[in-house]
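Chain naming follows the written order as A, B and C, and within any one chain the residues start at number 1.
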Amino acid sequence: MKNKKFSDIFADVRKKHPLVHHITNYVTVNDCANVTISIGGAPVMADAPEEVCEMVAVAGALVLNIGTLNGGQIESMILAGGMANDLKIPVVLDPVGAGATKFRTRTALRLLDELKITILKGNAGEIGILAGAEANVRGVDSYGMIGDPVKIARKFADVSGITVVISGATDIVTDGKRVLLVENGHPLMGGISGTGCMAASVTGTFAAVSDDPVLASAAALAAFGVAGERAAAYAHGPYSFKTALFDELAALTPEDLASCAKIRKQ
Amino acid sequence: MKNKKFSDIFADVRKKHPLVHHITNYVTVNDCANVTISIGGAPVMADAPEEVCEMVAVAGALVLNIGTLNGGQIESMILAGGMANDLKIPVVLDPVGAGATKFRTRTALRLLDELKITILKGNAGEIGILAGAEANVRGVDSYGMIGDPVKIARKFADVSGITVVISGATDIVTDGKRVLLVENGHPLMGGISGTGCMAASVTGTFAAVSDDPVLASAAALAAFGVAGERAAAYAHGPYSFKTALFDELAALTPEDLASCAKIRKQ
Amino acid sequence: MKNKKFSDIFADVRKKHPLVHHITNYVTVNDCANVTISIGGAPVMADAPEEVCEMVAVAGALVLNIGTLNGGQIESMILAGGMANDLKIPVVLDPVGAGATKFRTRTALRLLDELKITILKGNAGEIGILAGAEANVRGVDSYGMIGDPVKIARKFADVSGITVVISGATDIVTDGKRVLLVENGHPLMGGISGTGCMAASVTGTFAAVSDDPVLASAAALAAFGVAGERAAAYAHGPYSFKTALFDELAALTPEDLASCAKIRKQ
């Protein structure tokens, strides 16, 4: 079956219902919780240093998102990330707004340095900045990077041992050796707050049940994108699109993913 | 009229529009605000120690929810809860994730010890843990308790003087003497984030206008459940269900509750 | 063309896509982000003292909202507001709940004192309190002020040099000299949490592209109100209204605003 290795991961998500621990921003946190449930996972949000180690220890994946970063959260991210590393639990980092302020850039680099990040998922601007390319981030929006995103992502992945995901019209997923391009999705996904954060949550959910972060990331982005395509077919605007997106994620089957995923090797 | 004592409480909510002060998590806080408005109350969220006493003093009820607990919030909960106790304002505690981490369990027990909680509302796992039964909580999801939930809740209520509510397919409400079972609701309510938190907000809103926490809790859960049943009749998935749930809560009348509530004594 | 000066500001919003930096509450923050995107701006939420100055420096406007105020946020508001003042970036203050607690009243007054606020937008109770009138605020809801709101707003604006906006069935916008009344909107806007906060975000977005805070505020409130009227035409209840409100904001054109804005001079 076409796309079987991707749809198998999704089938596993639906079967295993993995717990996904988030330390994330307060803007899109509800969307992250609902997207995790809709795709088949069980979200938990906890960011107090008193409990993050215990919480992540029973989770299948940890998602770190710096969208409304503050000092206390950094401590919790380091604690939870360290525990996840010790227990070989995959860690997804979404470096929201890296490049927009020194505080975000520095913190993202610190997390990349002190933790073993499994998957780094950002837009072209964020990844460009962290990979040392010339790139442009305004607020939490990417204004692109200078150079070939695939080459830059591939090199950064190769040197760091991290699976790098650049979200965009075509998503790029690479571990330095393999490069997968995901072409699912719809422009309406850019018309609401939080699709980037939600994509990271779906990626964490898939990574929780797979040993291969490249396949898991591509499968997650394709699933999210297929749901977006289906939602766009009948949405009247951004918020009815958002409603439909969650509905379609919940309705999506592994078979749908197998037949609709547009993932290709570069 | 059947269910009159329940629908009368709801009629009072609609008439008195009680202010419900929440100290709650940042994941579902918007849902809690909207559910409170939809059912007829006026939500206010405030958690700074500088103002919680003053805010709760003009409220009809206080809802404490430990979903994204942190140290500062505990202080505010103790302060606001103490003021509520002094003023005989009912306090609802939703011990989200108690049992998942020692920090949550310990804090829930501390709040139960230092404050006079009026209504303790949780899932079977959370209540089981706090009642000293063997129970299982993973993240914020219940995996049940060992033993008869009604017996355990009843005994805990009897000893503590707290009205205990266990949410589930059949909700259990007991003060140790009376036991009410509420059978309204729909499985789709488990498909979105926050229904547990929302149920606590509705419970707080009803408790604000009633002297009987057992009747108020049962009426609140029945109202929430009836709205859920109606929403499920035309929802296409989890988020259109969520939209419909708020719409149906706002449209619900005391007469609807009188005719549709499925509340029985055990 | 009727209303041309208002629709021109909206056309500029759509063309320039201004970045709007928010330091705001965690209850309605997602709504503020989505409303900003829907109307044509780019929201960024950041409240850590380490980064707010850098973030606001690249923004077109700063929105300060004290809905879930805490000590750390005040520091960040002072820092970001000071930088905005230095760079002549307009600052919108939404004093949510001023009058409900001394902490909120005191902080709103401090922000008005230490910062040059461009636009102060609140309900009648909040503005009344800050203007020194007798007014009544319960939680975050206004119970009106004693006296003529237009006179009170006008005098406060005149003395302070701030553009004052009182939201209500008829919105009042004044800089002390001019008074504009905006009569767009729909009662369903009061049936959901956050419309006041959203109005402040839209106002900030318009202020970001205009030198005239009076025209920008009136245009923003009219645009928000027209979208509300259109959404109300087909909503079934509060949450389907909310969904429709965002959809209609995104669909609204400057031509729509020109033909539907009900703005008149007093």
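Everything that follows uses one rule, which is that a contact is a pair of C-beta atoms (placed from the backbone, for glycine too) under 8 Å apart; a residue touches a chain by one contact, two chains touch by 3 or more.
Owing to the predicted nature of the structure, the values given are computational and were not obtained by experimental measurement.
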TODO: Please identify each chain that touches subunit A as well as subunit C.
DONE: B
Task: Chain copies touching (subunit A, subunit B) - same or different residues, decided at half shared - done: different
Task: Inter-chain centre distance, subunit A versus subunit B - centres from mean C-alpha coordinates, in Å - done: 33
Task: Sequence positions of subunit C contacting 2 or more other chains - done: 26, 30, 243
TODO: Mind listing the subunit B positions that touch subunit C in their complex?
DONE: 19, 21, 26, 29-30, 33-34, 37-38, 42-48, 50-51, 54-55, 58-59, 72, 242-248, 250-251
TODO: Enumerate the contact residues on subunit B facing subunit A in the complex.
DONE: 25-28, 30-31, 67-71, 97, 100-104, 138-141, 191-194, 236-240, 243
